[in-house]
Each structure stands twice: as C-alpha cells, then as structure tokens.
Amino acid sequence: MPEAVAELRYIQAVNAAHRWALETYPEALVFGEDVALPNGPFGATKGLREMFGARVFDTPISESAIVGAALGAAMRGRRPIIEIMYGDFIAVAMDQIVNQVANTRYVSRGGWRAPLTIRTQQGNSPGACAQHSQSLEAWFAHTPGLRVGLPSNPRDAYEMLRSAIASDDPTMIMEHRLLYPDAAQVALDGPVEPIGGSRVVRAGTDVTVVTWSRMVGESLKAADTLADRGVSVEVIDLRWLSPLDFAPVAASVHRTGRLVVAHEANLTGGFGAEVAARVADECFWDLDAPIGRVGAPDVRIPASPVLQAVVVPAAGAVVEVVSRILAESNR
Amino acid sequence: MAANREEDYRALAIIRAFEERCMTLKGAGEIPGSIHLCDGQEAIPVGACRALEARDAVTVTYRGHGWAIARGLSLVDLFAELMGRDSHLNGGRAGSPFFSSPEHGFLGENSIVAGGMPMAVGAALAAAHDGSGSVSIVSVGDGALNQGAAHEALNFAAVFALPLVLVVENNFYSEMTPIRDMVRIERLAERAPGYGIPGVTIDGNDIAVVEAAVRDAVARARSGGGPSMIEANTERLVGHYSGDLQAYRPSGEVASAREREPLTRIRRSAADEGPGAVARLDAVDREVAATIESAVEAARAIPYPAPESAREHMYA
Amino acid sequence: MAANREEDYRALAIIRAFEERCMTLKGAGEIPGSIHLCDGQEAIPVGACRALEARDAVTVTYRGHGWAIARGLSLVDLFAELMGRDSHLNGGRAGSPFFSSPEHGFLGENSIVAGGMPMAVGAALAAAHDGSGSVSIVSVGDGALNQGAAHEALNFAAVFALPLVLVVENNFYSEMTPIRDMVRIERLAERAPGYGIPGVTIDGNDIAVVEAAVRDAVARARSGGGPSMIEANTERLVGHYSGDLQAYRPSGEVASAREREPLTRIRRSAADEGPGAVARLDAVDREVAATIESAVEAARAIPYPAPESAREHMYA
Amino acid sequence: MPEAVAELRYIQAVNAAHRWALETYPEALVFGEDVALPNGPFGATKGLREMFGARVFDTPISESAIVGAALGAAMRGRRPIIEIMYGDFIAVAMDQIVNQVANTRYVSRGGWRAPLTIRTQQGNSPGACAQHSQSLEAWFAHTPGLRVGLPSNPRDAYEMLRSAIASDDPTMIMEHRLLYPDAAQVALDGPVEPIGGSRVVRAGTDVTVVTWSRMVGESLKAADTLADRGVSVEVIDLRWLSPLDFAPVAASVHRTGRLVVAHEANLTGGFGAEVAARVADECFWDLDAPIGRVGAPDVRIPASPVLQAVVVPAAGAVVEVVSRILAESNR
C-alpha cells in the first residue's frame, strides 16, 4: 500500500497518533484537563473533540480520579489515553499509578488487563519553576508493571504513542515540551510497532553515549563537536526505559569500550545509573574506561534562566564527560 | 416470610462462619499475613448484592470477604486464595486484602484506603460508553472518605453523571480511631450535597433496608440519574485486623453491638415466633458449618503455586 | 470617604499596573517563563490583607502577585524576582509562580493546584501550638477545590478547629475550562457544610465586602472558632497565562466583565460625584504609573544571580 | 557523664527517640494515623500521648494533609515528626513530599527551613500484599532536598531518628517492620550525631557488599556462609542514601577489588544502581570483577509466602551474586 508520509511537528505527531487511535479503536477514550473543548494545553488533542465527540472530554483538576478512571475503564473494556499536563503533577496521582495500575495484571495473575496510556510532558523550559521542570522517568522505570517511553523526535512521538495505545499494558509516554516544535517526515499508516526497541542514531567507534528524550539531540550536537576533535561517538536513543533494550547497548560498548549515559533528570538515582550498572556487570570486560554519566546536579530547578543554564544539562556537559572518560581511559 | 428469614439468615451466617473460620485458620498458621474481617457488617454486602445484576461492577476494600461471598465467588477459591494457594481466583498472589474476579465483575478489594474509588468511577465511565447499562458499586469505610482520592472520585462521577453507587460502611472506627474524632459532621452522608449528589444514612444491619436503598441508587444510576452515596451504619464485632485486641473500645461496646447485629436480630425474631423457627435457624447453622468445613477441606487440597511461576503475568 | 475611595483605588491600581507592566516586560523578553496575572481579581487580596495582621500567615497560588503587593512585598523585589534577577525575595529561584517571603509571613505562591492548602493548614497548626494567636489564610482558585489535597486540608483543619481561612477566588474558569462544567453545585461554598465549617459566597470585586467577610473569618479563627471558607466571585480580565488568547471565552464576556471589575466601579462612583473626584483618580493613576516605572528601573539595576550560586542552599 | 544504656528492641528504640525529641524540643509535634490514643499501629509512639498530651495527636486518613501540615508547621517554627503507616502509602502524598517539602529551602534561597521528619516502615513481611510490601527508597534518594535514612538495627533506629529530628532539613526515615523485634544495647544520652555516615559492619578482603535496612542482616548471614567457603566479605551498612557516604565504599572497593550492592527493592532502578554507577566511574581502575547487584526481580510482590520466597531477596541471593562475581573476576 502507498505509505502516507507527512511533515509534522512533534506535537502534531502526537495529535495524529490520537486521531489514529480514536479511528482505530472504538473503545478508545481521550480525557484530561483542558484536552477537549480547549483543544489541549499544548495542542496535543487539538480537534479531537470536534471529530470524536463524547469520547474526548475535559475533566476536573483531579489527577488521581483521571488515572483511576482510566484504570477502571480499561479493566472494563475501554482503551483510555489520558493526559497529565506536566510530569510534575504526576506526583498527585502516584498511588493510582503505582499501587493500582501497575498491580492490575500481575496480582490478578493475568485475569485483568489495563490497556491504558498515560501521556505527559516533562523537563525544563527557560523560566519554568521548580514545580514545572522535573524529569521523573526514574520513578516509573522502577515500577514493575508499567511500560515507559520517552520519544525524542516527531517520528517516535507518533510511533511510540501508537505502540503504547495498541499495547494491552499500562504505558507511560513522557514527552518533552521543548521538542514540540521540532518537525520531521512521519509515516502515518505504517504497521504499529510493538513496544520497545532502542535506536542507534549515530554510529561511532570511540565511545557509546546512551540517552533519551531531549538529551538525544544534545548528545548528537556533542558528537559533532567531538568529531571535530577527532572523537567518534556512537549515540543510542534508548527510546523505551521499560522494556529496556539492553543488547544493542552491550553490543555498542563491546565495540567502543566506553560508555556515557546522558539524561536531563537529576544525576543521583536517575535511570542513567541503571544503564551504567547493567554495563558494569554484563559488559565489564569490554570496558576500557570508567563509565560517565550526565545529568542535572542534585539540586531543585531554579526559575532564573541564568541558573538553569548551569543546572539543566546540554551538549556541553556531554562533551565534557565524554572527554573526561577518554582522558581517563587506558588507550 | 419464614423462608425469607432463613434465606437471610443463611446469607449472613455463611459470611460470619467464613470470617470466623478465617480467624481459626489464621491462628493455626494456615492463613499468612493479616486479615480484616467483617463480622457484624454482613447485612451490607448481602443486601447490596441482591440489588445488583451480573453486568454490574463491584469494588470493595480489604474488608471485602463478605462482598465476595455475597457476589457469588467460590468459598473454596476464597479460602485457597487467603491460604496463599494456587486458587482459581488469583493464584495466591492477592491474598486476603486485594483479590479480584473478572468473571464476577468483581474489580477487587483494595488495601489502599479509598484507592478503589477512582477505579470504580472508571468502571462507571466504561458503562457510560459501552451501552452495557451496567452500574458500578463501590464500598469503602467511614475513614476512607477523608482521603483525597475519595473526593476526586465523587466529584468526577457527579460531573459526568456516571452510574456509580457509593456505599460507606460506617462502623464508627477507622482502625483504632473513632470516626467522630476525624470529621466535624454528624452523618457522613452530609458530604453528598457538596458534590450535588443524593446521600442517605441507613441502618446497615438490616438486609431489607440496605437492599432497598441500593435498589434506589442503582435504579437512579442505571437510568442516567448519576451517582449517589449510601451511608450504612453498622458495627464491627471484631478487631480491625486479626491481631487487634481492641483495647481502645469502651467496655461493653462490643457486647451491646452483639445485641444489634444482623444475625442476633433474626434469631430474636425467630425466638418471638417460637421454637420451630429457632430450630430451623439451628439447622441452617449446621448446614453452613458443613459447607464451610468442606470448602476448607477442598481449599487445603489445592496446591501452592509453583515458585517459578512468580515471574509470570507481568506483561501482555 | 473620598480619601477612602482614592486609597482603595490606589491599592487596586498598583496591582493592575504591576500586572500590566509584567505583560509588557514579558513581551519584551525581560520576564522568562509564563506568568499568571490577576487583572480583575485585585479586590480580593486588597480586601483580605486589610483584615490580616503581621503575625498571620498567607499562602496563595501562581496567580498571587496581587496578594504579594497587598501584603506589602517590595515591588522592586517582585519585578526582579520575575525577571530572574538576584532579588532579595528568592534570588530569582522562584520566579513568577512560586515566590515566598518569610519576613512577610508569606508562605508563598504555589504552582501545584491546591498544593499550598495543606501547608497553610500546617501554619494554622503551628499557631494552635505556639500561642502566637496567628491565623493562616490561603487563597486558591475555583478549580483547585476538586483536588484531593484541598479536601484533605479542609477536613484536617476542621477536625482540629485550626485558625484557617480559605478564600476561593472563583473567576469561573480553570485555565480554559468553565468551573460550572466541573462541579454539580451552584456555589462552591456548598462544599463547606461537608466539613462542618461555615462557608459564604461574596462579591469578590468589592474591597469592603471582601474585607468584612475575611474579618469575620479571621476573628472566628483567632478566637478558636475554627476554619471557614469564603467563595469570592470575580472575573479574570486577561488570559489564564501570558500566552492565553482566550478563544474559549464567549465574545463580549470580557468586555462586560470590565463593567463589573473593581477599578471601573470606583471610577464610576467618582464620575457620579463629579470631575474633581475623577481628577483625583487620574492623579492616582499618574502616581502609580511613576511608582511602577521606578520599581522596574530599580529592578533592572539588580544583577542576575551568580551562576555558581546555583548549588547553594540545598541543605542546612 | 555516665551514659544510660538500655537493651531495646528496634521499635522501642524508635519510641525512645520520639520521647527524647518531645523532651528536648518544646516545638516538637508528633502526629499521624492512630499514633496517639491507640499508641501507634506498631507501637512506635506508645505512651507519648499520655506523656506529652496535645503535642501528640491522631489525624484523619489524609496523608497529603499530614505531610503538608508538617511542612507548614515546620516553616512556622514547629519540629514535626510524622508517621506514614506503610511506605506504600507515601504514594498518596508524593506531591507534598517532592513538589512542596523538597523545594522549601532551595527555592527560597534558604529563606525557609523545613525541619520535619517523615517516618515510615516498608518492605515485605510474610503474606503481606502487593500494596503493603514495596521498598521505595529510590524515589526519595532521587529527590534533591530530602535526606533519606534506613536504619538496620536498634541502635541506628534510635540514633538516626534523633539525627533526623535534630536536623533542620526534611528527612525521611524508612524502617523495616521485620526488624522491629530485634533487640540490642542502645546508648540513650550520647551526643546526637549529624545526619550521614555509613558503617563497616564486617571487615573482609575479597569482596565489598554495600547494603542497607533489612538486607544488612541478610548480607551478614551471607558473609558467614561465604566465610565457610573461604571467601572474606566486607559488609558496609550504608545507613543513609542521602547524604551518600561514598568515600568508605571507594576505600573498601580499593582494597577488595569487587563490589556487590544488595537491597530488598526491585532491582531495576533501585538505589543499588546508583552505588554501582558511582563505583564504575570513580573506582573503575580498582575493580577486578563485574559489579553485582541483589534486589527483588522486577515483578509486583505476590501475597503467597511460597512466591514471596523467590521474589523477596535474602542471604541466599547475596551468596549467589558474590559467588558469581568471584567466578567472573580476573584473579
């Protein structure tokens, strides 16, 4: 069949995936705060109410009820796609996600399924305050029962969201609002991929940088800078933290002998530690250098851009850590 | 009427006997973990489930054994589940406070206070979209109404006029703390108007009263009238959980509660009628005891789950 | 009375001018991030803060600039904080939606809806134990009442009869969604009885009405009468945040709101009195404009925080 | 001065620390569910209401209000010590802990302090269900602004809780109910230690096991078993995850050349990954073997003890991983 391909911004790709879902699944529901009549705080759900009516609706400012309602509806045959406006607000719904949603299938020994998708966007944008800037993916990657994906580009924003919606497992899609304006060619009616899978977005031979979400772009910038210095960097977009697609990471480290993990979240306890720990166990003998990590220092996120510039990691931090790792390696 | 009386008595007695047997099994080490029994509150699940249909959804709490039995779950599976055996219910993974049963529309118990309320709202939301005409009923305790999730769930259901029925089993205690010390209202049903939904307070120890109230609420919900709240007053005849010695309860409180509890009431009415009626209830007690015993035996025959199965059913 | 009128006008106008200046500074890129302005709602903080004492605690939301000004925080510091400069307030770390000031008993704005309510309850709890006789006042929006935290906070304060005053600034919208679509009650104050506390609905665009209602509530709280809720009806004259084009508002709504907003009212009464009265208000506008401009200039003179200071003040 | 020493069970030590706090700080408050008149669900607050009256009180079942009330009271001069009955229930109060409590000092540039202590107990006990069995310390160790301690014995239960209460920073003390019956000699009126500090609880030369909470005891059992096999294990009780006392870990790995981190929490994304990642960076050249980790497999916690036996890690798992690491090392 002829593949429809469109030039879409990240946020438009998210919108297109919603439209696909509502067309594909009669049981799909879309709800959250300001998602229907106002067309969504960021436009992710633009036009859906008009197109699909009551299956798309606005809710009270009650995140626990939103998540719980999605769970109960999913257990009873619906396929809800809900939006939590900012990742930081997930904190008010943690019980529903961790103690309720994540337990549904396992505790019932497969008796129940919870095919629901929780969409949010997270991370810092210039001037955003401490309550609108966190990257909290580590909480959910540490919660068995959930799937967790962080799309870094428009194509993945579309494909990964479709994978999440099509999946019969509860899945969190954590976007980054700074990526919303990015545009790219997106194939609209290709086959829906199963959840999972990382992607080598740049091949290299000296060091492997494993990253996700906004830091993929920053890592690619860093790779350019490092290339000018004669350093060949391989960049892997992990895409999904759960399931963790580890084999390609191991294969890459086997070739490069060096690993740096980069994320926007606070360094200590971030998911970068998990990737580093897996490599330090399973790929230990392949390593020619200490494992480096890039993340925000362990502080809250200040609102002043002047301060954010030194707290929120970017390409420069990746260049720095990669350079240090190379300097410390035995080649 | 007499037949009706024995039927009511049997429905209550089977739950009471189940709970009492759980206590002895717990004492004998056959049930691990702590268990939360509903002795004295049986009329609520019995009356409520009589007003429900198979298509309806039921969500309860860790104190939900009575609801499970009234909803028709198998006694053998329940005992086996509580024993941590490979029951057909949840294979021993859920235990006493968290089991569920899809085929009974039993969304499950929940051991997070009020944690099941949003889920029940979701079942009602599904009904609003799937044309099934089903209703979602959820039971929580008095103290649970002070959880944020209870508030969000009630308003959410009210806003969309979802087919939800909330039954608050007011046994006047939240664990070891009296509810009167934890709210500044006389009746918990006074919370209902704040959501723009009907709320009633009823005698939760009378099966007929409970059934009638739930029928009203279910009819309203099914016909698009939206959610409502039923505060069913009752009393706990036992501790909050298996290990609770109830030092915090005024002396005589439990004894006087035994005068008001559902089984005693029926026995009293039988006594008023005469020895024949009493004898018929004694006969029911014997049947029930036998039923429970054979269920325990059957449960004991169910093996424990295979250890290596512990990693199964995490994902689709 | 006339003096009184100009005083009222000045109190409102300084907030309005501050907010309008924020919008132009935002447009000029001098204020980063998004800002949430209170144009039209000024009478609430002005009236409320007149009923408070220095010992009292004030907790508000991201829409809290008016409260900060009415509470006496420095305009220079506020502008500087919003500009991300090294202000004496929070050194640019808090920004528009989250600043606080210990010396003003200003526990802070909060950009988690209803997130400040439990904190305000805590300030009231402190007062109940420290003999200070202070009262804790907290302002939230209409939509915030649907958060679980709002419910838990109100019941908690009610149970312990804490000196808390809740002001709900009902501007009829929660971001882009009308509150009438998100509750099934006519007045939000109808939530109060469910907690066993008094609740009133008032005209939030009249300084005197607001001051009187808050005085009552504060007096009750200070004398051990416990918490109460004041629903102050008002209207937003601008978008939810700096970038909101308000396509969702019926045409004419904002225009008619401008007829009812506090500043217009005072100007109308001045016009009724005569040209002299109007001239006096014009004079106030000129003063206010000058005050704001010099504050902006002073704020611009404050440097940005030193980047290396970003790691300071994490722990004691 | 003569030091009062008493033989106390873990839970009694917690109780004694509360008594000490209420006697030492007139501004101390103790509240939570069933902590006052009922003397506490586990007896941690036994007798306090009787001794200290209104400063010790029972609350509604409203964890967000409990944490928020503690924060506001702390900001206004009180020193609250609150109890969250089970660690799992913290999920209903995450916003108050992460978005409110943790931001207080930093965002106000030190203008406010939040001297409050959040006590809870976590982990699995035989037959406990999935909603009463989790170990969630990783969430809080990934939250800058909080201090996080996990006492493994009665002495630490007393000392670490006193340190937390005396500290002007918000501190989480996460106990383990299976340790409550353990008894030991506890010095009652020694000086209050500042927050932080790990402890080498067993010296060894072949491998370093870093652990905390209930797994300290399990690791010591494992060390005995391994000693019989001629393997000398050094066991470090990390005690505090924040601040992380890394130097002693590095020093130990420098000597042993091998590291295993053991915790009860789910393996993926557990704090063991952070310790492993730090060592894989800062101690890379000291390592003679892959870094091993022990944790619960990535499943929910089933209620049946038969299943818990294979899910909840114990000494056996530590022996296994240490043995594997030794077998895979280059000596």
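Just so it is clear, A, B, C and D label the chains in written order, and each chain counts residues from 1 on its own.
The working rule: a residue touches a chain if its C-beta (ideal position, glycine included) is under 8 Å from a C-beta of that chain, and two chains touch if they have at least 3 such contacts.
Note that the coordinates shown come from a computational prediction; the quantities given were computed from them, not determined experimentally.
The chain with its C-alpha centre at the largest distance from the centre of chain A is B.
Distance between chain C and chain D, defined via averaged C-alpha coordinates, is recorded as 41 Å.
Chain B and chain D have Cα centroids lying 36 Å from one another.
Mean C-alpha positions place chain B and chain C at a centre distance of 46 Å.
Touching of two or more other chains is recorded for residues 59-60, 62, 64, 88-89, 91-92, 95, 99, 103, 106-107, 129-131, 144-145, 298-300, 302 of chain A.
For chain B, residues that reach two or more other chains under the stated contact definition are 91, 93-94, 98, 110, 112, 115, 146-149, 152, 155, 159, 181-183, 314.
Contact topology of the protein chains: fully connected, every pair of chains touching. For chain A in complex with chain B, the touching residues are 27, 29, 54-55, 57, 59-60, 62-78, 80, 92, 95-96, 99-100, 103, 105-113, 144-145, 147, 167-169, 243.
Residues 31-34, 84-85, 91-98, 110-115, 143-144, 146-149, 174-177, 181-183, 248, 304-305, 307-311, 314 of chain B touch chain D in their complex. Here chain C touches chain D in the complex through residues 57, 59, 90-91, 93-94, 98, 100-102, 107-108, 110, 112, 115-127, 129-130, 134, 136, 148-149, 152-153, 155-156, 159-160, 312-316, going by the rule given at the top. Within the complex formed with chain C, the residues of chain A that make contact are 33-34, 37-38, 41, 58-62, 64, 88-89, 91-92, 125-132, 297-300, 302-307, 309-311.
Chain D contributes residues 64, 88-89, 91-92, 94-95, 97-99, 102-103, 106-107, 129-131, 134, 138-139, 141-145, 242, 244, 265-266, 268-274, 276-277, 279-282, 284-285, 287, 289-293, 298-300, 302, 328 to its touches with chain A in the complex.
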